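Each of the next two complexes has chain A plus one more chain, namely chain B in the first and chain C in the second.
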Partner chain A sequence: MENAIISKEKLPELFTQIIAKNKLFAPVKENGFSLFKEVEKASEIDTSYVNTRVPPKSIIFKQTETLFHFTPGKKGNVEKIPEENEKIVIYAIRTCDAKAFALLDPVFIGDFEDPYYSARRRNSVLIGLSCNNPGPACFCTSFDDSPASIEYVDILFTDLGYKYYIEGNSEIGKKFLEDHKTLFDAASGEDQKSRDKVEREAIGKIKRTMKLTGIVEKLDGMFDHPIWYESARKCIGCGTCTYLCPTCHCFDMQDESTLNKGARIRVWDSCMYPEYTHHASGHNPRPARMNRVRNRVYHKFNYFPKNTEVFGCTGCSRCIEYCSANIDIIEIINKIGEVKE
Partner chain B sequence: MKANPYLPSLAIIEGVKEEVEGNRAIKTFRLAFQDDKKKNFSFIPGQCVMISLFGSGECMFAISSSPTQKDYIEVSVMKHGKVTSALHKLEKGDTLGVRGPYGNNFDVEGWKKRNLIFIGGGIGQAPLRSVINYILDNREDYGNIDIIYGARTSADLCYKDEFVELEKRNDVKAHLSIDVDEEHWEKYVGFVPDNLLEVNPAPENAIAITCGPPIMIHYVIQNLLKLGFKEEQIYTTLEMRMKCGIGICGRCNIGNLYVCKDGPVFSYDQLKELQGDI
Partner chain C sequence: MVDQKELINAVKETVSREDVRYIVGYEEGTYGFETAPSFAYTSDDARKFIFNPLCTKNLVVYPILEEKLPLKREEQEDDRKIGIVVKGCDSRALVQILQEKGLKRENLVLIGIPCTGVVNTKKIKDKFPNQTEYTDVKEEKNHYVFSIEESVQKIPKKELLADVCKECEYPNPVIFDILIGEETEVETEPTYIEVREFEEKSLSEKWEYWKKHFENCIRCYACREACPLCYCKTCMADFLDPQWIRRSVDLSENTAWNIMRAFHLAGRCVSCGECERACPAEIPLMKLNKVLEKEIRELYDYTAGLDPEEKTLFGTFNPDDPEEFIM
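Our next item is the complex of A and B:
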């Protein structure tokens, strides 16, 4: 089964079926903002959102995670933790956040394999929900993606009002549709047309453009340009832009222990903090905010493309929406494009 | 599935050697893997290991012993932070975690038949000691060997008794220095880059390898260029703060390279091309 329709009344039943066999993560509202959480019943899910504040990368690459346990001290010992192998379904992920996994995969599963990330990633099915009302700063189209791209998800749902249009992408996605087919109806040509119309309208709502042509090469020659001082002047170094970015993957590792038990924990970290690169000798290669803002921009628009041939940004707009100082990465990149060489 | 790269293997401290005392103390730890499977731990000089003291944390160190020494590895640790201070309290028989080896290495294969000049400062001698001992164990494969090494005072020199042995050999020349004069010191007085000019090695068919404080490396490279060395004849190692050691946590980047994975060894012509915060 590839394309199908599900009426909204049948949706709770679909979730009940999913929950019976999987951990289901979906957007819920808490204290007025949306976030992905594990849900136990369909009624908890609330898809009336543009995007969640914290990206769903937190499901696969957890904000804090125990790597292993140990006996602390000079007669130490190591104790592995069991591998997680529960099946995960992530429902209503936006295409920008789903793409972020495609960008993170080569980082976590490359020369070395991060077993925590890779186990959850292998066990997860991504069900996308087309973004019918992109936010004011969204710019996924600048990367030739669309708010209704199917490329990075296993299954894509598109809201057509009283029903959803469903497309299966990967083998996993098609099998998933097969498994739940009693809930679906075949999609008609009309349905297909409505879906495409919804997508066109959504694209039309995206107002901002990041000009990316030639930016990798342009940045090669801009490392010492005064623009970095100017761009970083307002930055207060809060780290929000990196914590909320779906493609940021920096982490710290810390030992936590009592007298006879301990664990090595990893936690999200941010390259926007001076401590991040501070050497024990006292030297800091990125001592000023200028160095750190520059590194964030280069990482996404120069280093990432050099290492994996894609930009390390999906246009999700979180770093723009939530920056405490109104720093706007689209403006920075477009300004760089305009600098005369 | 590949092995979990974050899980350290256990190693027992077989010996601790006090190299330097004082508030910048340096100790060399000899470590033997507990698990027999790890007995064939193989590495190439220049590579590093992550050492854990459970409860205190992890630090990356250059392996300072030679891979020709199969029974153990050694790391030399300067006390200057939380983890290194805790390490300095350990004794023979204590347990550490080790993971690695990480990073690239010195091109000991490609350097065969060449004359080698090692220029080290302070604790920077640690990775050089690994190559030097490797080369001494394969002495007939290499040309002349000069070892230029200095520290602030004679008490700050690492591997002192090994230098006494080296000075007795006629197939290597050691050139020690200290920054300021002391009574009974008969060797060179002055900075390492100046001692390099004094030794005046010939660039023909030579490779120069320098490790030490960044400021020393800077002047050593300038002086090597003055002596006629080409950029691709000069090698050094870089240091960065590290956590994962495997190119994931993002912290040790210089431009698009991660020092933990793509370094720590760079030739000067590579280094010059690097654009990033060092």
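Our next item is the complex of A and C:
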């Protein structure tokens, strides 16, 4: 199907059709901020947001995943939990968050396939919503992306005021559009122009730039630079930056049991906690906040690009906005760039 | 209003002392309405120091966060003093820590600032969501004054003032070595009106309220790390054996965490509001802290963090202490 438009009046009908056959996750506003939730009615959806507080990675890579149940003892057994095979549609995902899946996929569906992540990921359709009003610390353009990039989503919606411009990207996306085509009208050249104008304006609103040229190589020689002490002095050592990061994916495994039943669970972990690298011997190879802040930056801007040829950051700005000590990854990277070798 | 020059001069003078290692204060943040903790090791570094109603952070957390790394051979431990810029509430947090012997007074130099309340940065960000440049906010005649793209904004103070500051009884530092500027007049006595209103609600209403907040907790422990009084070497939440709180992030464990956090601050919390400010899930943690503060005041006529020589609430016992609430 070619590019299309849908009027805003017809949108609830589209959601009703989606909900009939899929689990629909979309941004809702609760307690004064936005988060992705499974919605049952179109009216719950609220797209007046820059970015949700917790990124939608939590839909596919859950913060707490029960891997299996068990009963201990001689007659004990293990009860496997079947993978979730329901169809998932994530609506109004931002480009930066959708790109994060492109970074997480090689981790969870790479050499070793994670059945829980991969089942949900393969059954998901990502419907993007162009970001018309990026936040004050947003910087997706530094990675040559745009608030209206289409390459990471299956379908992209762009708000043109009283209607949405719709583009299909992947095969799944195009088929999805075909299935619901009765709700769409063909897009005109004018619509295409309006869409491009909206994108240009959104790009214009992004004022901050992370200077990334040569940063991977530069970091190779900066492991012992005093900049890490300076950056980490302010850090209070909470896990906000990593838990709100759409690309952070570290986890911990735990057995949680009572006397006669238990479960093995997988929960998000954070490299900002001392416990993360605490060895059983008592030794900690990353004993100070300096080591941990440095690791976060190296992982995203040195190790990750070396392994997968992309930066482990999408410019969503959450780690900057919600850091209570104003640790600003743009500033850190730009400062590193300025260091004379 | 704090005189910037007076502050910088005091910091310069203090940091130049031989027995002072560094001073923690505030500097301009990297964008919008952010301020950042600033560390002055030399009198040159002091030039960055600022104080305005955006300087929300309780900096008393930093001497607690000092990491004692293993010394190299023949290296001497640096035991010079650490300086901190403190507002009223920050100084009370410090007094509480001194009472608990978590820090020593002789290891600290305090630059006190009489406070007139800080801005709720979430509110100001919501009002001006696209502010990329650092914006200096000044308080003038019960208004916050700042410029956005060359147009001067004048917003009534009560619209942007942090909730926790509205009933502040101790805006002036209760201990200090140097005081910058005139003491603030204290106008209010706490009414605990919000807490009282909340207490009127039925049990099920209260639970519904907390449920929808605790469900959003991501257990990042920003509340704990930001709190100067959460300084246990190992937090009960990090214990694995026994595991007081499970690592599963669900309503049950999140509730356990949030309630235990508040309880561990009973009689210790000084209402600086730092936990609530740091929470990325916007859980109204001060509502829990305030209930405990009110109960303790009513039952024991006790206020935390006022006099370093005084004993802590849990360090005192009186045979007449009320105990009706003990089953």
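As a convention for this text, the second predicted complex is superposed on the first by the 337 of 341 C-alpha atoms of A that agree within 3 Å, B and C clash if a C-alpha of one lies under 4 Å from a C-alpha of the other, contacts with A are read in each partner's own complex, and residues count from 1 in each chain.
Keep this in mind: a residue touches a chain if its C-beta (ideal position, glycine included) is under 8 Å from a C-beta of that chain, and two chains touch if they have at least 3 such contacts.
Note that the structure is predicted; figures quoted are calculated from it, not measured.
Superposition of the two complexes onto chain A shows chain B and chain C fitting side by side, with no clash.
Legend: residue contacts after superposition of the two complexes on their common chain; A:31 is shown touching chain C, with no touch to chain B.
Of the two partner chains placed by superposition, A:102 touches none, neither chain B nor chain C.
In the superposition on chain A, no contact is made by A:172 with either chain B or chain C. After the chain A superposition, the centres of chain B and chain C are separated by 90° when viewed from the C-alpha centre of chain A, nearest 10. When the two structures are aligned on the shared chain, A:279 is found in touch with chain B, with no touch to chain C. Of the two partner chains, neither chain B nor chain C is touched by A:310. In the superposition on chain A, A:252 contacts both chain B and chain C. After overlaying the two complexes on the shared chain, residue contacts for A:64 are found with chain C alone; chain B is out of touch.
Looking at the shared chain after the overlay, A:244 reaches chain C, while chain B stays out of its contact range.
Distance between chain B and chain C in the overlay is 7 Å (nearest C-alpha pair, rounded to whole angstrom).
Shared contact residues of chain A, touching chain B in one structure and chain C in the other: 252, 254.
Residues 29-32, 34-37, 39, 57, 61, 65, 67, 69, 125, 129-132, 212-213, 216, 218-222, 224-226, 238, 243, 246-250, 274, 277-278, 280-282 of chain C are the ones touching chain A in the complex. Within the complex, the chain A residues that touch chain B are 67-68, 70-78, 80, 107-108, 110-115, 220, 223, 249-255, 257, 262, 264, 269, 271, 276-281, 283, 285-286, 291, 295, 298-299, 302-304, 306-307.
Note for the complex: chain B touches chain A at residues 1-2, 4-8, 10, 52-59, 80-81, 84, 89-91, 94-97, 214, 239-241, 243-244, 246-251, 253-256, 261, 275-278.
The residues of chain A lying in touch with chain C in their complex are 30-33, 35, 50, 53-54, 63-64, 133, 135-137, 205, 207-208, 233-234, 236-240, 242-244, 252, 254, 256, 265, 267-268, 270, 273, 275, 287-289, 320, 322, 324-326, 328, 330-331.
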